[in-house]
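In the part that follows, the structures are each spelled out as structure tokens.
The two complexes that follow have chain A in common; it is paired with chain B in the first and with chain C in the second.
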Partner chain A sequence: MSRKIKSISIYLVRVVTLLIAVSVICFALVSLSPIDPMLAYIQANPGVSEENIARMEEFWGVNDPPAERYLKWGSALLHGDFGVSKIFRRPVIEIIGTRFAATLALMLAAWIFSGVFGFAIGCLMGMFNGRPLDSVVKRICLIMCSVPTFWIGLVFLIVFSVWLGWFPFGMSVPVGVAPENVTILQRLRHLILPALTLSFLSFANVALHTREKLVEVLHSDYVLFAKARGESNLSVLRRHGLRNILIPAVTMQFSSFSELFGGSVIAENIFSYPGLGAAASAAGLQSDIPLLLGITLFSVVFVFAGNAIANALYVLIDPRTTEGGK
Partner chain B sequence: MENEVVLSVSGLSVSFRMYTKGLERRELKVISNLNINVRKGEILAVAGSSGSGKSLLAHAILGILPKNAVVEGDIRYLGEPLTKKRVAKLRGGEIALVPQSVEYLDPLMKVGRQVSPDESAVEKVFARYKLDKSVGKLFPFQLSGGMMRRVLCATAVISGAKLIIADEPTPGMSKELADRAMKHFRDLANEGAAVILITHDIDLALGYTDRIAVFYAGTTVETALASDFDSEDKLRHPYTKALWRAIPKNGFRPTEGTQPYAGSLPDGCLFAPRCELKGEKCACGAIEPRNIRGGEVCCHYAA
Partner chain C sequence: MKKLAGLTVAAAILALIFAGCGSTAAPGDTAQNNKNEVIIGFTNIPSHFDPLQGFGADGHSGGQLIFSTLVETDADMNIVPDLAASYTVSDDALTYAFELRSDAKFTDGTPVLAGDVVFTYETLRTAATSVDLSLVESVEELGNSVTIKLSKPQSTFILTVAAVGIVPEHAYNSDFGLKPIGSGPFKLTQYDVDQQFILEANPDYYGHAPEINRFIFVKMSDEDTRLAAAKSGQVDITLTSAVLAAVNEIPGYHLLAEDSVDNMGIVMPVVPDEGIINQYGCAVGSNITSDINFRKALAYGLDREAICRDAVNGYATPAYTENDGMPWSNPDSAIEYDLAYAISLLEDSGWVDADGDGIREKNGIKASFPLLYFAGDSVRQAVAMAASQQAKEKLGIEIIVGGSPEDVIHDRMYAEPLILAWGSANPMTSYYLFHSSRAGLDDWYNPENYTSGIVDGYLEQAVNAKSIEEATPFFKKAQWDGSVGTSMRGDAPYIFLINKSHLYWVRDGLDTGKQKIHAHGDAWPLVSNLRDWKWTA
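Right after this comes the complex of A and B.
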């Protein structure tokens, strides 16, 4: 029990130090960047008087030393104040909240899709290791791995939305329908293409990784012995194969959160899907610093959580780590 | 009257198809012209130095060699050819393998379920080996060396095997543990099983086995009675004699030179490069086994 508390506290310390480090780096990068929030403010409000500008400068601490500004920003963050987004003119925290819900649906769909199908295809390849089926599928996966996400997104859009007309062009809901009237089915239809695009790359990765692991297991001594005990190929897969590749597969799924997040920026932009990824790139392009920093910090927590879950699961599922040895 | 022959292997050769750099196909011969037979109620040791491909003999009999292996020769079980189909039905039942180590158990599956899905049957064999039934609920990594040994034996006993192939069952064991393991196999043979014991430890095997097939560079050069090892004169093949001299209590005098590697085997007698008796006949052609004083030997000049 105390061991658990200890490892949890270690995780907490880690995430806090990570957040501090990331916030310092981001803050420094923004300070060094040519973006001038004051200038942006003036351009957005052409009629402001000199006097007002001076007051704003005073209020924003433009002339304070960077360390002081950082501390001010940091303490505001600690109080839950992430500032107000310039583009959306709403509190950053609120935007992250609503946008993340949309992104989460997208990522979850992609994540489950690539996890389940990638795993299944990987098992198939592993079972047929070296035979034509395996080499063909393996080649397809390798090609999939090297196709850029934005490109496949565009292809999907052209083929399935433009030519075939099976799916909508983008957005997360139909245009001109009040949010409360949108059906689940409509939401799902809007979700499918971006989710497929997002899962495209990790799908191939998962499949190849699963294949590799399964081949390794099937060449192990214990599988040889299982065969010597009269188990058929299918029974070997079911009793020993799956058991031994599931743990690495699951942990890998959870540690793929960072790629998922990165991919969502691209997929959401292509499909104009109003998620966090699209907001992040908009914030970056339009110098919306509070939003950009807020999303960055949020993504750190998100990715960290995935990795922490991966580690925790490993410890929980693998008997070699839970039950003490002799 | 002698007991019936359970397994006979004659002229067995195993080679692996390999693809070298230029996609050139090459066959790597690891076992050639190997002959053994084992009867009901007896233990035949297949003895030879480590890493000489003895395990492949076990895998060849069980039909679990990798796909790129080519097997030639005649393997018969109870008089009938042991075809791929037949062995697939028999392995795990009448023909059982006792593997070398814990590596041969699934690390993530409780050992009881690996011995057999039938819990009460597992309990019975465990009782025979003085294993508590709680052992069945452990994972392989939780077993001690001695427990491991007994669990692995249990996998063979539970199927009621008539032919048991034990592959190096005593590596790294203390003398006491190894003796106990050997006793288990002796008991199984006394109960009517035919046991093939693949080992590098002739000294240990002598006390428990009936006959010893001496394995050299992928072939059996001699099959001698265990009692023949009482003195060098009773042995037939020059290599067996050399082995005998290398046993600690016989002076621990190893022979010079090393075994030839698969892929660079000499034509004719495989032992020729190290043999003192070598004559002109030895340089080419396969050597058929001859019966001398109740044993079998593959040597032109053995007497």
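Right after this comes the complex of A and C.
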């Protein structure tokens, strides 16, 4: 029991130090950014006087030294105050809250797509190792690994939205329908294309790693022995393969949280999907520092949680990993 | 048995999703034949609708659709009454008195009072937003009128007034930006942050009622997405680019090209390179472009029609000033393409090709300079390339086009020519571009260090005038007074090249009315006359 408490507290120390490190680095990067936050805000607004600019600079505190600004921001954060978004003029925590729900739905759908299909196809390839089916699917997977998200997003849009008309061109709700009249099914339908686009990122990865591991397992002595006993291919996979090949799949799946976050920036922009990714890119382009930092910290926690879950699952899948830790 | 159950569930879910397709299509996903509604594929969904936080601040970004302003501009950029039935300006140009109309109501049913105007102006005056009311000294109400006193005259102040939307004092709270209440021709009935917003005609509006009742603005930030949406018939009108417009044709849609002051040109350092480093630590000046004859040779020797054709497939018009077509632009600034004159300017100034390599030189300096543009902006790149090709073939001037990131250009712009774009519905832009007090600042307006005492005089007279009408002759003279000016006939610090046309796919039968000359940005200027839009078929 005490060991558990110890390992949990180590985790907590790690996540806190990670958050501090990331926030310092982010703050430094934003401070070094060539975008002048004032010019970005004023944009094409001619005739903003110096007096007014000075007032805005004071309001946003852009002329204070970075270290001072960081401490100010950090101490407010400790009191639960993430600041106010410059773009949306709303508290950052409120924006993250509303958008996280949308992004989570998207990432979860993409994550399940890529996990389930990636694993299944990986198994298929492993079982047909070296045969035409394997080599064709493997090539497709390699191509998928190298396809940029924005491109596949546009292809999906053209094929499924323009040519076939199966799915809408974007957004998370139908055009011109009041929020109270939007059904769950309409939301699901709006989710499918962006989620498919996003899942392309990790789908092929999961499949290829699963395939490698399965090939390795199938060449092992115990599988040879099982086959000698007369077990069928399927029963070999079920009894001896699944657990062994789950480890790489689980690692890929949970470490793909960070890729999903990165991919969501692009997928959400293509499909006008109102999630954290779209907010992050807007915040970056318009120098909305409180919002950008808020989203960054939030994503750190999210990715960290993903890796922590993977670590915990290893123990369940393969008890030997605990023994090694002793 | 278990398997069968699983399959049934999966099939049922799929069936429901696709059944969902059918039912969603009915209310909104396709707008065909709904003549009381328009779906707009839009790029700029506002992040809030609060005028006191800067919504609509530049006067052409949609504030006037939801809110009343004291005055507004008509299609020819004349100042016309809106919430103020009339107004007067004192002879010293410092006091503006507005007489409000009495029949204006906010959409919550309460009347618009002078107190609301005072509240709006007072809040903005002290707030830190891009709405600049720092000139305003006091705002007072007297019965049904409002008096605004300025600390110093500014003829363009009335354009600022035309941009300030009046908010109700009693209903203003922290949620106002999401649920605005105005007294304009439309009211906001739905706002899905970052996705869409819906404007519906305000039945209590005092002015002429909109022809179409409902406008749905859908966010589409990607130009390929917008094209796809038009091709699949899911929008009635949407923005497009010269590249996509040239290679696509959409059945049932036509291409609308609107003139704009969205201009593009080459800004050239007008001071020589004397080894000076400015207050930002950057080199200043060029010994090539500081020769006025060299700049004018480029101005006269480039065929603008050809650049429009080559760079943007003809979706542009030749540009001669920073504000072609605006009432305060001087039409005499326009020049004729004249290659012989350009060559004689170069030769008179000593630029000759002595070594026969096709590039002129003078005192051992080659007529060769780099031309910067923002990397990634394909239109700027195309314009730069077209100009470069012509300069080499016709004038013997070598222009080496190179894209760079914004921050790099920001450091190099005082010493090297670059492509810049302007386009504003406010003549103050000319003051910022050419008044000597702004020369060499890092705000992009005047990196060339242009100064002229005569032009300063005209610009000051323009700014101090009582009204835009009285300021207009001085703004025109600043461009060209018959012997000097900022235009290419005069000192030619800017070689203006093209005014981009703003392009849209429009469903056949949708009439977007007579539009103002579009300012910079192709989204909001399009919809500023939304109440005049109608379906003709």
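We adopt the following convention: the second predicted complex is superposed on the first by the 288 of 326 C-alpha atoms of A that agree within 3 Å, B and C clash if a C-alpha of one lies under 4 Å from a C-alpha of the other, contacts with A are read in each partner's own complex, and residues count from 1 in each chain.
One rule holds in what follows: contacts are C-beta pairs under 8 Å (C-beta built on N, C-alpha and C of every residue); 3 or more make two chains touch, one makes a residue touch a chain.
All values reported here derive from a predicted model rather than from experimental measurement.
Participant: Check the residue A:318 against both partner chains and state whether it touches chain B (first), chain C (second), both, or neither.
Facilitator: first
Participant: What is the contact status of A:169 with respect to chain B (first) and chain C (second): first, second, both, or neither?
Facilitator: second
Participant: After the superposition on A, what does A:89 contact: first (chain B), second (chain C), both or neither?
Facilitator: second
Participant: Would you sort A:231 into first (chain B), second (chain C), both or neither based on which partner it touches?
Facilitator: Only chain B; A:231 stays clear of chain C.
Participant: In the three-chain superposition, say which chain, chain B or chain C, touches more residues of chain A.
Facilitator: Counting residues of chain A touched by each partner, the higher count goes to C.
Participant: Report, in rising order, the residues of chain A that make contact with chain B in one complex and with chain C in the other.
Facilitator: Shared contact residues on chain A (touching chain B in one complex, chain C in the other): none at all.
Participant: Flag every residue of chain C that touches chain A in the complex, lowest number first.
Facilitator: Those residues of chain C that touch chain A are 16-21, 23-24, 27-29, 31, 37, 39, 47-48, 50, 53, 57-58, 128-130, 132, 134-135, 156, 160, 177, 190, 192-196, 198, 214, 216, 218-222, 224-225, 228-229, 231-232, 234, 405-407, 410, 424, 426, 428-429, 432, 443, 519-521.
Participant: Report the residues of chain A in contact with chain C in the complex, numbered from low to high.
Facilitator: Against chain C, the touching part of chain A is residues 34-35, 39, 41-49, 51-52, 55-56, 58-60, 87-90, 98, 154, 157-158, 161-162, 165-166, 168-179, 181, 183, 185-186, 188-189, 192, 269-272, 274, 278-279, 282.
Participant: Write out the stretch or stretches of chain A touching chain B in their complex.
Facilitator: 130, 220-222, 224-231, 239-240, 243-244, 247, 318-320, 323-326
Participant: Can you list the residues on chain B that touch chain A in the complex?
Facilitator: 59, 62, 64, 67, 88, 91-93, 96-97, 99, 101, 103-109, 114, 139, 141-144, 155, 159
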